[in-house]
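Data first, discussion second: the structure below is written as structure tokens.
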Amino acid sequence: MTLFRTTLVAAAIAGGAASPALAQTAPKLKVGLMLPATGTFAALGTAIEQGFRLYVAEQGGKLAGREIEFVKVDDESDPSKATDNVNKLIKRDNVDVLVGTVHSGVAMAMAKVAKETGTLLIVPNAGADAVTGPMCAPNIFRSSFSNWQPGYAMGEVMAKKGYKRVVTITWKYAAGDESVRGFKEAFEKGGGTVAKELSLPFPNVEFQALLTEIAAAKPDAVYTFFAGGGAVKFVKDYAAAGLKKSIPLYGAGFLTDGTLEAQGADADGLFTTLHYADSLGLPRDNAFRLAYAKSYKLQPDVYAVQGYDAAQMLATGLGAVKGDLSKKAEFAAAVEKARIDSPRGAFTISKSHNPVQDIYLRQVTGKENKLVGVASKSLADPGRGCRS
Amino acid sequence: MAMERSKFLFTTVAFAALALYPFAAGSFGIDLVTKIMVYAVFALSLELLVGTTGLVCFGQAAFFGIGAYATVLLSSPTDSPSLAWLLPACVLAAAAYALFVGALTLRTKGVYFIMVTLAFAQMAYYVVHDTPLGGGTDGIYLTVKPVLGGLLDLDKPLALYGFTLGALVAVFGFLALLGRSRFGRALAGIRVNEQRMRATGFSTYPYKLAAFVISGGIAGLAGFLFAVKDGFVNPELMSWHLSGAVLIMIILGGLGHLRGALIGAFAFALLQELFKSEAIFGDFAKHWQLGLGLTIIASVALLPRGIVGVPRQWRERLVGRRIATTEVRHELAGPPPRVNFRVRSAEVPNELA
Amino acid sequence: MSSPEVLLHGRDITRRWGGLVAVNKVSLALVRGRVHAVIATNGAGKSTLINILSGEIEPSDGQVALLGEDVTRWSQPRRARAGLGRSYQRNTIYPSFTVFENCRLAAQARTPQPWVWWRSAQRCEASTAAARAAAERAGLSALLDREAGLLSHGQKRQLEIAMCLATAPQVLLLDEPLAGMGAEETERMLALLAELKHGHAILLVEHDMDAVFRIADEITVMVNGAVIASGTPDAVRNSSEVRAAYLGEGH
Amino acid sequence: MDLATFLIQCLNALQYGLLLFLVASGLTLIFGIMGVINLAHGSFYMIGAYMAYALAPIVGSTFGGGFFATLGVGVVLAVLLGYVLEWAFFSFLYQREHLQQVLMTYGLILVFEELRSLLLGDDVHGVKPPDILAGTLPLGEMMTYPVYRLFISGVCLLLALGMYLVFTRTRLGMMIRAGSANREMVQSLGIDIKFLYRVVFAAGVAVAVVAGMVAAPVASVYPGMGNTVLIICFVVVVIGGIGSIRGALLASLVIGVVDTFGTVLLPQAAGVLVYVLMALILLWKPDGLFKAG
């Protein structure tokens, strides 16, 4: 570690003089964690990292016989710095695997560099459809979801519930648009219509005007995509405006994930769709939750699961190639064939490398996203635009 | 003059070091320094406005972003565009927006100028952010990098490094030439006291506008280099955060000196690298902003003239009282590169104010 | 010089700020070779008047004619280039520049291409020559390389005049050039003014009464924005209105 | 849009405008009177919101008080914070060029953000409004309007009135106005300008902190919340005319209207509208709507 640190110091301070070759017999596997450590998504970054580390620790710090060494970069959730930050991991730290990130724009930049350099990339959150769509590549994997998935599942659910006219509301940015698009696709297929698509600039949180619009439109229900601070405020404002009683609110799961403590009673009863839920009751999940709670003294969330599964996917592929990452085709083939034994329930990986997974319908009860049922069984992202 | 010679020496040594650096560096180092040099070009563009002319522009990122977006939007997705027309086109695009913004904003003064330039930058930001023109929040990619015939392929990191260094030296040289010329002296006069310049017979508006356009063009050049280097543009390139960061760079380096912009860009970027370094700070590296923030605060407290002013500060401390007293008088007369925001009621005569 | 050559003529100049009248129908003519002083209490509109004449403020009413041409709508820089120079009550020199550079910059305004960006300003013969001449005339030849901020107060006021001269003006509007000066410095400045009036028309706004009465050829007295008396120093000294309204206060 | 909806939107615009004013008024104080471009103003707002969240249990256990006791403690702490900050970081900067102060406040943003992260973590939190204000009023057939939002509007109006009175009717206000117009003159009158500035800075910080605390129950509490309000506050201050309380109030309301109806009627252009408005106003009136003084 000391030697490694010295190299890093030299690299960082002198501006990156060529790293002297490390004289080591069994080369460690370098995992570059590019996650947000500052800003709005900082907490998510921490959860993902902890999940990833938990799995590695469970395997005794080694995957496929290779010791794992972590290198971290704070991506600040700033896409304009993304290329730089990825390059830092690839060129300065010579990582073997990239893991990141939360913000879709940053993940897109990472995918681009990964595609160009051939470095293995596992995306543990960012749902941008394009990562496993037009940007897809043999060396790019995702352990989380595509924005399309929870939206599509909710579209099915709401159509089945018999809603006809729905208003959607989201931030005007890629994730929101994609989620709403997925929702609309399934909902209209099920015979419903989207009466109005409301949006406001990201990351504005002044919802009052749009809530008034919703009240005026009097739809059967509302579908929404918000996350983090915006999700908290939206749910509270929605309830305070009295709409919760008259117009049911549905959303992609991020609306109520990691935010329930802040949302309090205003979130009670809300239905959301996601690939994870509290109290799934699966033995795999129970074991994971116990281990996580023991290690970090707090309950895991969906982000921790995604981090954990990113490590599992890496382990699967590594095992197949016996730790030799240069065999990229074999690595990809192994992961594509595998069933990942995730706390969320086992899932497989699609041709475009997105999880094919059950999307759950959950309802908020007492600060938990309680499982109601499976909204969509083994839902696969269509991977539109993926040509490899 | 000793001062002139030491300035010249510093610049020569700095550029020589940059030219020799690739021989000693790995690919990451080359990448990092390329990036910093792009920021240095960007910082120089703002230095012309803030340090030389006294116009504090808080929307410089717009020109940077327009240069970058133009690079991507104008090049074809399959064939390598030629530098020969792409580069001038990007610079012109940024300069054209600067002409538009400058023509309108230069009517305002002081803080209002700062805020109107911000407003125009935010407009550009929201146009690329909210319309499909530039790919929205996702941004767009530059798939094929520009070339210059068979001479130069900017897809190669070393070629890009050399080209960026060349651009930096050219901009530095151009601004140095400008600074010594009659045009540059007039800008310096406008910075200190625009009213006096008008009373002397200078129609100051065209001078300021010209400076604004030149500055916008240089920022566009920096944007071009950035887009080519990263191959990816995004609305964040036009955000006020970047406008703020580049302002911080030139203040940190020392206003009123071209070297200041250069030093500031390097200092700001390297300080970030330092505090983000896990090797030094371990797990605390995730709180890198704390270190950066404290360093900035300390530099304000201890380095009133920026990093450029450090030698002079030391000299004064060593030589002692004699210079110190003249310095006090000097301060009373108003220190040289002073940019004040205080709104002066210029039209109201003293009798009534 | 038998027939007086009027270089700057202000007619019925009026400036209102809201309901306040800062300058009320003031007329005056500046003649080549003469010093015309304006004295007034604080707040009587002197600065407004000088600002209107130099083009910094537009008058609400009245005309300004420079060298026989109506310049009321001209911008300040245009008037300056046409031969109108002014100094300010507060120092407006460029403290970080040398004395020479201060003068050179001023002279540059009158060069044919003041915006040239490709050649060093030091190699602009026209402006360097004019700067040297102006500095010499103002008695600053020995201090050309001194940083202006390090000059004594009196020297700064001299530099202020030198910068005016460097623009080759025909009319000089001097706003309190003697303010804050010691006796010796005042003498030097008065000598300079006496020398300058040959070839220039000078408007002198000043508080120092002794100096004004010594040097002025004509004096205009303003109270509350209006002229109450105008004439030779002797006539003004003997005017009963002036005694009542102005001089009386201090005596 | 029918009439009822239109009226409700007007109410929304008014309410948003007043909230903006609450945050921006502290900025216009510091900006207008001391000439300091305080980039850290958003941080003070953030600090206020986090105080509302973190102090509530502490105040609850020591004084047994609820929301208002917390607010009181928060104000006292905020004044102290402002006073100490001015003394430690700004008092020596007035003689320097103003851009140095920009650099200083930029450094402070980074430090505050990280201290917040170290002390309270990066999670999103909610703050409960006090029970007596937790109710809602019916509005139209479907909507209700939270009483707490009306309370915020009331606080804003009271604050606006209070600041106006302090400025125009008290000796302190007179000194402050004189100090912003002419520093030397005030000093020559024997007024301690250093003390005056410290008071103004403390007051500005306190107003921002109060804004954060009062807004916390509706805005929720999250990392980076300060940055989102900072720029819009500057827009308010500049449109209104720097240092003008009246101007800030008017500008806030105008922005409230533009933003509210922009989001509804022109959602594609909602982001850009406010800045177009600012540019137009400043090109028309280069000193903002009301000039200070």
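Here the chain labels run A, B, C and D in written order, and each chain numbers its own residues starting at 1.
The criterion applied here is as follows: a contact is a pair of C-beta atoms (placed from the backbone, for glycine too) under 8 Å apart; a residue touches a chain by one contact, two chains touch by 3 or more.
It should be emphasised that the depicted structure is a prediction, and the values quoted were computed from it without experimental measurement.
**Q** Going only through chains that touch each other, how many steps at minimum separate chain A from chain C?
**A** Minimum step count, chain A to chain C: 2.
**Q** Greatest Cα-centroid separation from chain B: which chain?
**A** Result for max centroid distance from chain B is chain C.
**Q** Any idea how many Å lie between the Cα centroids of chain A and chain B?
**A** Each chain's C-alpha centroid was found; their separation is 37 Å.
**Q** As a quick test, compute the distance in whole Å between the mean CA positions of chain B and chain D.
**A** Computed from C-alpha means, the inter-chain centre distance equals 31 Å.
**Q** Roughly how far is chain C from chain D, centre to centre by C-alpha average, rounded to an integer in Å?
**A** 47
**Q** Any idea how many Å lie between the Cα centroids of chain B and chain C?
**A** That gives a centre separation of 40 Å.
**Q** What positions in chain A touch 2 or more of the other chains?
**A** Chain A, residues with two or more chain partners: 38, 172, 201.
**Q** Which residues does chain D have that touch at least 2 chains other than itself?
**A** Within chain D, residues 113-114, 117, 270-271 contact more than one other chain.
**Q** So, with touch as defined above, which chain pairs make the list?
**A** Every pair of chains meeting the touch criterion: A-B, A-D, B-C, B-D.
**Q** Taking the complex as given, what residues does chain D use to touch chain B?
**A** Interface residues on chain D, with respect to chain B: 31, 35, 37, 39, 89, 92-93, 95-100, 102-104, 106-111, 113-115, 117-118, 181, 231, 234-235, 238, 242, 268-272, 275-276, 278-279, 282-283, 286-288, 291-293.
**Q** Which chain B residues qualify as touching chain C in the complex?
**A** 177-178, 180-186, 188-189, 192-193, 195-204, 206-207, 210, 326, 329-330, 333-337, 347-352
**Q** Can you name the residues of chain C that touch chain B in the complex?
**A** 17, 20, 22, 42-45, 47-48, 51, 54, 56-57, 75-78, 80-81, 85-86, 88, 91-92, 94-97, 101, 104-106, 108-111, 113-122, 124, 127, 147-150, 156, 163, 167
**Q** State the interface residues of chain B toward chain A in the complex, per the touch definition above.
**A** By the definition above, chain B touches chain A via 21, 24-33, 35, 126, 129-130, 136-139, 141, 229-232, 234, 236-237, 239, 241-242, 270, 273-274, 276-280, 285-289.
**Q** Using the touch rule from the top, collect the residues of chain B that touch chain D in their complex.
**A** Checking each residue of chain B against chain D gives 50, 56, 104, 107-109, 111-112, 114-116, 118-120, 122-123, 126-127, 129-131, 240, 244, 247-248, 251-252, 255, 287, 289-290, 292-297, 299-301, 304, 331, 335, 337-343, 345, 353.
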